[in-house]
Every structure is written in C-alpha cells, then in structure tokens.
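Take a look at the following structure, please.
Chain naming follows the written order as A, B, C and D, and within any one chain the residues start at number 1.
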Amino acid sequence: MIFNELILPVLLVTVVLVVGAYLVAVIDEVIAGALGRPSGAGAWMAPLAQGAWLLNQQANATEAPDWRAWRLAPALYLALAAIGLAVVPFSPTLIATDLVTSVVLWGSVEALATVVIFLHGWSANTLLALIGAYRYVALGLSYILISMFVLIGVALPAESLQFSQVVASQEELWNVIRQPLGLPLFLIVGLGMTFWGPLNLADSRDLAGGTASAVSGPPRLVWNLARAAMLVAFSGAAASAFLGGWLGPWLPGPVWMLLKMLAVLAVLLLIGRLMPRVQPERCVTLMWVVFLPLSFVDLIWAGVEALW
Amino acid sequence: MDYPLIVDVFFVLLAILAVVSGWRVFATDSMVRASFFLLVSFIAVGVIMILLAAEYLGVAMFFMMAVEMMVMAIFMVMFMMNPAGLNPMMMVHQHKFSIAAGAVSFLVLAAVALLAEFPDNPLSADIDPVRSLGNELLGDSMLIFESAGIVLLTTMIGVVVLSSHNGRYGAAEEGSMPPGLVPGGDPAGMPEEEDEGGGHHHCH
Amino acid sequence: MAVSWLQRLAARASVPVFPVRGMHGEEVLYRLALTPGVELVDSPRHASILLVAGGVPPDQYGALRRVHDQLPAPFATLWYRSQPLDELASATRIDDPDVLSGALKAMHHELMCGKRGSSPRLLPDEPPNPWEGLGDDGHGGEGMMGGVPYGRPMAMNMHDDIRDGLTLDSLTVTLGPFLPMLPPGLSVEVTLQGDLIQTWTTRDPPYPIALESVFFQALQGPVPIAELERAMARYHLKHLYFALRLAGLEALALTALRLAFESHSNPKRVATLRRRLVRSGFFGLTTTGQGRLDEETARRVGGVAARAAGLEEDWRSEDEGYRQLGFRPLTQRQGDTGARWRQTLAEVEQSLQLAAQAEQDATHTRHSDGVETPRGTWHRQWPEDQSTLLDDLLPGLEWDEALSTLASLDLVPLSPWSLEEASGAPVAQAIAEERRA
Amino acid sequence: MTLMTLLLLAAALIGIGIYGALSQQSFVMLMMGLELILNGVMLAAVAFWALSGAGAPEGQLLTIVVMAVMAIEMAMGFALVVAVFRTNQADVTEGITELKH
C-alpha cells in the first residue's frame, strides 16, 4: 500500500527526471557536435563533467539579492517539473498521481513556471537578469493561453480532464492526426515554458545568460537541471496528449511512452539548435496574431470533430 | 465527515501557510514579494479545496492565481517606488482603525463559525465533483455562467478604453501633472518641460 | 576520497573562459572559439578562467578589477599579450597564441585538482556605495519618492515614455567596457524602461581594430587584389560570426568562422551559408527592419552600412585593377539591420569571386592613394569612430533589437597598426598610453 | 478538517484582507486586500459545498462566479490605476483628491 501509493510514484518521477535530464544534455551535445561545434569531453561525459565543475564552484552573491527567492527559484522550477511529470501516465496503471483534473494541473504548472522564472530573474537584483525576467513574462502570458486552448482540444474527444483518459481516447486515432494543428502549437508552448532555442527570451546570449547571468555554482546546476527536467516533463505531456502515450503494438506500454518522449525531446532540441532566437516583439506578435487564432481554429476543429 | 489523520495534518499546515503568507502580504517591504506571498496563500487554499474533493476548483485556483499574481507583480514594478524592497516600506493610513476593523470582522465571522449550527451534510461518495460542476455550468446555471462570460467581455472592452493611451479627445495624460514631494510642492520626478503643464493645472 | 573523484571529473569539463576583450585581442578569441574543450562564456559568473586578451588602458583598470572579482572561486586569470594588474603580478602571461588553449586547459585542471589556488579578490566585498541612512526611510528621499539608496537614484519615471504609453520606472546603468555583447572597449550609459532603451550615451569609444597588413601595403604600392579581397572576406565573416552567435545560431556562426579561417574558401559555400541563414529564419525572426540609417549617417559610417543604404560608395570602383575584373559595387536599399547582413553576405561572396578571378590573372591594384577597407574607404582620412551615432539610433528600440542593430553596424575606429604589428604587446601598451593622453 | 476549522480559516483570511484593503495607501496593495477577502469567501463556499451542502453543484458554481468577480475586479482595478496614473501621476489613494484631473 505504502509502496504503491508513495514510494513507487516518487521513484518513478525521480528516475525519469534525472535520467531524462541527463539524456537531454547528451542529445543536445550530440546535436551540437553534429552541427559543427568542436566537442571536448565527449557527449556522454560532458554533462557530468560540467555538473561536477558547478558543484566545485562557489555560489556567488550579488549586491542585495532577495536571497530566499533567489535560492528557492531553481528548486521550485525543478519541483514544478516533477509535479508536471507526476500526472503523465506511462501505462493505464503506471501513473504517479492519476488526478481527475490532471490536464488542468499541467496548465497550472505552465502558469506557475512563468512566476518562478520571473522570480529567478527578479530576485538576483542585477540588470540583465531583470530584463530577462520581464521579457519572459511577456512570452509566458502569451503561451499560457495557446496551451489552454490546445489542451481543451485534446480533452474534448476524451470527455475528460485526465491524461490517462486522453490517452485512452486515442485508441483508434492519435490526436496528432486527428487535430493536426495541436502538436505544432503545443511544441511552441514547450519551447516557451523551458525557454529553449528560438524562444529563449529569459536566459539568452544577448543578456549574458539572462536570469541565470548572475548565478554560479550549485544553484546554477539546479537551474540547468530543472530546465532539462521541465523539457522531459513537457515531452511526457506532449507524448500522452498527442502521440497516444503508451499505445502501440508489440512493445510494452511504458517503453512506447519513453520512445515517444525521446522523439519529442529530439525534435525540440533540434529546433533549439537550428533556429535563431526570435526577437521579443516579433515573438509576442506571432503569439497573439498568428498562434493564438490558430489555437482557436484547433479548438473549433476538435469540437466539430467530437460532435461528428 | 471524518478525514484520515494525514489529511488533518496537511490541513493544519496549509491553514498556517495560508494565514501567515496572507499576513506577510501586508508586512513585507517589497511589492513583488507581496504579490507572490498572496499567490502562496491562494495556492494553500487551492490545495485545501483539493483535499475537500473540489479537484477542479483547486487546480483552477493555481492556474488563475499564478497568472493573476504575475500580472500583479508586473504592475507593482510599474507603479511602485520600491519594487525590490531595498528600502523599508510602510505605506498605510488609518492604521489603527484598519487593524480594529480586521479584528472585529474576524471575531464576528469566527463567532458565526463557532456558534452557528450548520447542517452536517457531507459530499456523498457517488458524486463526481468535476462532472457535476460541468453539468451545472452548461445545464441549469448556463445563464449565470454565460452572463459571467459577457461581463468579462464587457470588462475587457471597458478596460481597454480606460487604459488606452489615446482617447477621442487626445492623449490620455494631457495636462496631467505628478503630485509634489511635499503637499503643494513642485511636481516630482518629471522632466523640466512638464512644469509648464503645471501652469495649465490652475485652470480647473 | 569522495571529493577527489568529483574534482577529477570537474577537471575534465570543457574550460569555461570569460574573455575580457582588450585592444587587438580579438584574433585569438576566434581561434579559441574553434578549439575543442574551451568554451567562451558570456558572463564572468559562468567562468573558471578570466582571459584578458590584449591590452587594457589604465583608466579602465577599475572596470577590469570589478570583472575580475565577479568570477566565483576557484578561478584563475590568464593574460594574453597584456600586462597583468599590479596586484596580480604573479599571474600567468602568455604571448604565443599556439600554446594558449593548452595553458587554459592545464590551468583549469590545476584549479579543479586543488594544485592552484584561486586568484585573490582585489576589491573589498562591500556595496560600492554605502547605505546612506538619510531621511525618513533611510534612502534620503521623501516618503517613497526620490533619494539615493546605495548611492544610486531610486528608479523613477523621469522620462516621457517613448513607445506605448505604459510608463515604467526608468533605470539608468553603465555598461561596458567589457560587456561581451558590445564592441570591445565601448562603454555606455543606458536608461532603460523595462527592456526599452530610453537613452543611450556613449561614454568610452570602442577600441580601435587592427586590419591585416595587406591594407597598409595597398597604401604603399600595388598589391594583389586576391589577397586584399580575401582579407576583406575574412574580416566580414568574423563580424558575421559575432552576430550569429548573439542571435543564438551557434552552429552557423561557427560555419562562418571556419570559412574565415580557410585560406581559399569557395564563394559557393558562402551562398550555402546564406541559404541556410534564410531558411533558419535569421532574416525573418531576428531582424525586423530596425536600425535604419538615413543617407547622411550611412555616408558618415561608410563601408557596408553605406552600401546597404543604397550609396554606391566604394573606392574599389576607382581602381583600374578592379575595373578590369568587372567590379561593380553591390547595394541594398533599405539600410536597416537585415539589409546590412544581406549586403555583408553578398560582399563576402563577391570578394571571394573577385579573389578567384584576380588570382588567375594575377591582377594588382593600381592606385595607392586610397584603399577600401572592410570598415569603409581609407582615402586621405581614416574611417573614424562613429559610435556616438548610436546615441540617436538606439533609443526607442528594445534591448534585443538594439543589440542586433549594434552587431550589424561596424563603427569602430581603425588602428594605425596592422594586425601583425599590433599583436605585439608593446604596441598595445603604446595605444593604451596614447589613448590615455 | 471540519466545517468549523475551515470557516475559522476563511474568517482569518477575510479579516486580514479587510485590514489590508482599509489600511493600504497604494492602489495595488489595496486590491490585494480585496483579493484576500475573496480568497476567504471561496474557501468558505467550497467548505459549505463539501461538508454542509451535500455536494449541491451550485456551491461550486458560486466559487466559479467569485473567481470571475476576482478577474473583473483586478482588470477594472488595474485599468483605473493606469488611467489615474496617467492623469495624476499618482499611485496612492491620497494622490487623488478629486475625480477629475
């Protein structure tokens, strides 16, 4: 009883997050190497070596930071990633928490992520971090709406706000085909909530690392880890909302799920390396003028399809 | 209705968190911190709602309040002098009266909670709260729900009109002037040429 | 021992280096960018080695000390063709670019394994301006307004909003001279409202940049056009590397840099690079018609910026050698950031084509009273520092737009020494001395 | 967790909220007080719904309506703050002595 309700879920989430975050770093390293970055320690070793270096580095201070918020923000972001992953089903029974409203919970993880990222930049009390935080809020407020409409779209055919039901509703046809606009829009949300690649408005190069520009040592390691973990959690949500989660022939359900998560991760990381950072103003315009109306279309599509 | 011990323990912790963070909202030096303390208070209440089986409402609370407090924090930074809390801050008026009013209202409400007899009619196990809420929203109470939607739409339009920079009769801040640092003093924190706008001020 | 395997592991990480770009220190950084196992980072907080590349004028030692103290322990400094600060007299100095990357890696290894102590802090760890303790609330102002807590003015909306009517408190900060996103040496005072630039005041001009010696030889007598054009292409490709890296296109940035380091690159590969840039969305997503120069400003800046604004200003069309090769200056019309990059790419391609042609015929320049440098025409007078025009150009732009505009503009003055001469440290010191005088 | 303790918690939140709404000079802080009051109200509504109303769906509906009220309150509040700030450069209640500028 205790094993099934407490230890197993915690174990599941921890293992997937840690292994997943490591794989994110490795895949990213491999992609960067394939695209021509001179590689040093080798893809499998580099993330571990960098982590070890950060553990050996001193955690620095800035002038009058908000210490509690500054130190808590990376941990909170990691916690949000864990909460997000906790509602992702790996099989009809292997779910850390099978909340009835897990799709809405995922939405609130996205909203709270915005808060935490803002807090991380704001609390450092340095200019570049603060600009990163401001910018991220503009992006965050735009992607949350898109995500909401897209997720309502997948909840409609399932007639449920539960991820396990959403997966079960894709028995005949995966949502990626049934609602072709959904997955691309959701991937944009994913890039936004992990501020990865083209949507890296928070920790970008033009801000010398943005919200993380004044962070060093173990807190920076936690922040990097949390970002990768959030990417893993997102890939879990995307795989179960659009790619049929555990459904698939021959292989056992959880294996299918992991394969699909890896595929989503690979796509996101590839986009991250191939596209330039979108200018904030252009980004917000795109979000509100192009992607948000597209998410309406997606929702109407899903509604009509559900009524059919 | 009897809850397991673990639920009671969680409830006590969350209740303390909700009250303490609610109090810290008005006791911290930084406006941004204040809005996030309020968020913590809301989240604690949201978790209590989930404990009470209102799963949708509790989770919706996280969602709504995260966005709302984020916007709040941004407005704080926009309008307040001391967003980072680097300076001590206590901006209150009628302080004693407010404390008394707060205490009295708490006491009255607490008395109601303690003394009134409420029917003991706990949630029956066969109700699916999310489904019942959905059926209510789009069934019997659809009119209320839709009116709320219309009101929100009207609010949006009104808000855009109120806050837009340019109105029918020109720029919104035409002829405006900041208050002085001392009562009746020179306008604070505005460029020199704005002082000419101050002359205009006497006209009305 | 538990700690030691962690340290050994840390020693295998690629070396995070924060480069302080001094005078004429750029060249070695391009080489480091292509070195495996060395990572150039943007923030001193993310580095374990502070690499001071090139001379730093003594009046900027204060800034250098502040950057030095921002590195988290354990860290070390390495001085490349630069005189270490007096307090750090025992710090390692290296003048040979070939051994630099090896030295960096060895230094990181020693730091991690505890064989080398961390560099000492140079400044006392206290707020630059103490708490003032004035007035009712301690910040010296009245109520919540005014005052200078920690010696800095409180953020207040001192400026009229210049964009959308949402007035935020404005914040004035001094940036540079070692901020990696700005040209080396440029230091500015910026007033920001959110991420919108309200005012931009250039405080210190950027360091002069050294050109390859072939440009100097062209002023003495005829030089092979092929050599001149290849040097031109190299300069532009390095400039492009910087901008692409800033835009988050690291892979393409390195492609551009590799092209710059190849002695005989094929113009077709530049065309490929351009196609990849267009496909990645570089022109569509990161440059959105900002930073447009009017005709007069464009003429003042000269070079690529002028031609991108539609001015056919090119000394090469005066030269018979070039005319023989059928040279015609390329131009763009818009004169904004995107146009400057299209122009740069087109010119690199043109330069490589001209070089290939000129190599066959062994064409030389004819005139030696002027030369077209990558920075503009050098005829009777040098292309001078134009960084003050940023003061008018950048206000009203968001931070990201401002920096991409800045990256697309080449405003730095030209050094009177060639790259080969200037890399000798005494010269860098001499420039520093001259600057101070 | 009984109805009584839940209502006590709600009362505490409402009390703090009333204190905040009455005492704060800054508009935005004042609105935070109002939000805290509504927080208590929502908690009380859900508590009644779960423990006293036998899960009557109107209880949840009431909470949804309060959430909508909160959104409206905040949006209108901020719009008014922006408008007042534009005309009077004031962000505290004492800053506006008359309703015209």
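Convention: a residue touches a chain if its C-beta (ideal position, glycine included) is under 8 Å from a C-beta of that chain, and two chains touch if they have at least 3 such contacts.
Note that the coordinates shown come from a computational prediction; the quantities given were computed from them, not determined experimentally.
The chain occupying the central position, as judged from C-alpha centroids, is A. Contact tally for B-D versus A-B: the pair with more C-beta pairs in contact is B-D. In whole angstrom, the spacing between the mean C-alpha positions of subunit C and subunit D is 52. Between subunit B and subunit D the centroid-to-centroid distance comes to 5 Å (mean Cα coordinates, whole Å). Subunit B has its Cα centroid 29 Å from the Cα centroid of subunit A. Centroids built from CA atoms put subunit C at 34 Å from subunit A.
In subunit A, the residues that reach two or more other chains under the touch definition are 64, 134.
In subunit B, the positions touching at least two other chains are 56, 60, 71, 77, 80, 86, 91, 165, 172, 189-190. Within subunit D, contacts with two or more other chains are made by residues 82, 85-86.
Only residues 30, 32-33, 36, 39, 55-56, 59-60, 62-63, 66-67, 69-71, 73-74, 77, 84-86, 128, 130 of subunit B touch subunit A when the two sit together in their complex. Interface residues of subunit C, counted against subunit A in their complex, comprise 6-7, 9-14, 16, 34-39, 41-43, 45-46, 48, 70, 72-74, 112, 127-128, 150, 171, 173, 175, 179-181, 192, 194-195, 244-251, 254-255, 258, 280-282, 285-288, 398-401, 403-404. Residues of subunit D that touch subunit B in their complex: 1, 3-20, 22-29, 31-33, 35-36, 39, 42-43, 46-55, 57-58, 60-61, 63-65, 67-68, 70-72, 74-76, 78-83, 85-95, 100-101. On the subunit A side of its complex with subunit B, the touching residues are 64, 66, 69, 99-101, 104-105, 107-108, 111-112, 114-115, 118-119, 122, 125, 134, 137, 140-141, 144, 161. Those residues of subunit B lying in contact with subunit D across their complex are 1, 3, 7-8, 11, 15, 18-19, 22-23, 25-26, 31, 34-35, 38, 41-42, 45, 48-49, 51-54, 56-57, 60-61, 64, 68, 71-72, 75-76, 79-80, 91-95, 97-99, 101-103, 105-106, 109-110, 112-114, 118-124, 127, 129, 132-133, 135-137, 140-141, 144-145, 148, 151-152, 155-156, 158-160, 162-163, 165, 172-173, 175-179, 187, 189-190, 204.
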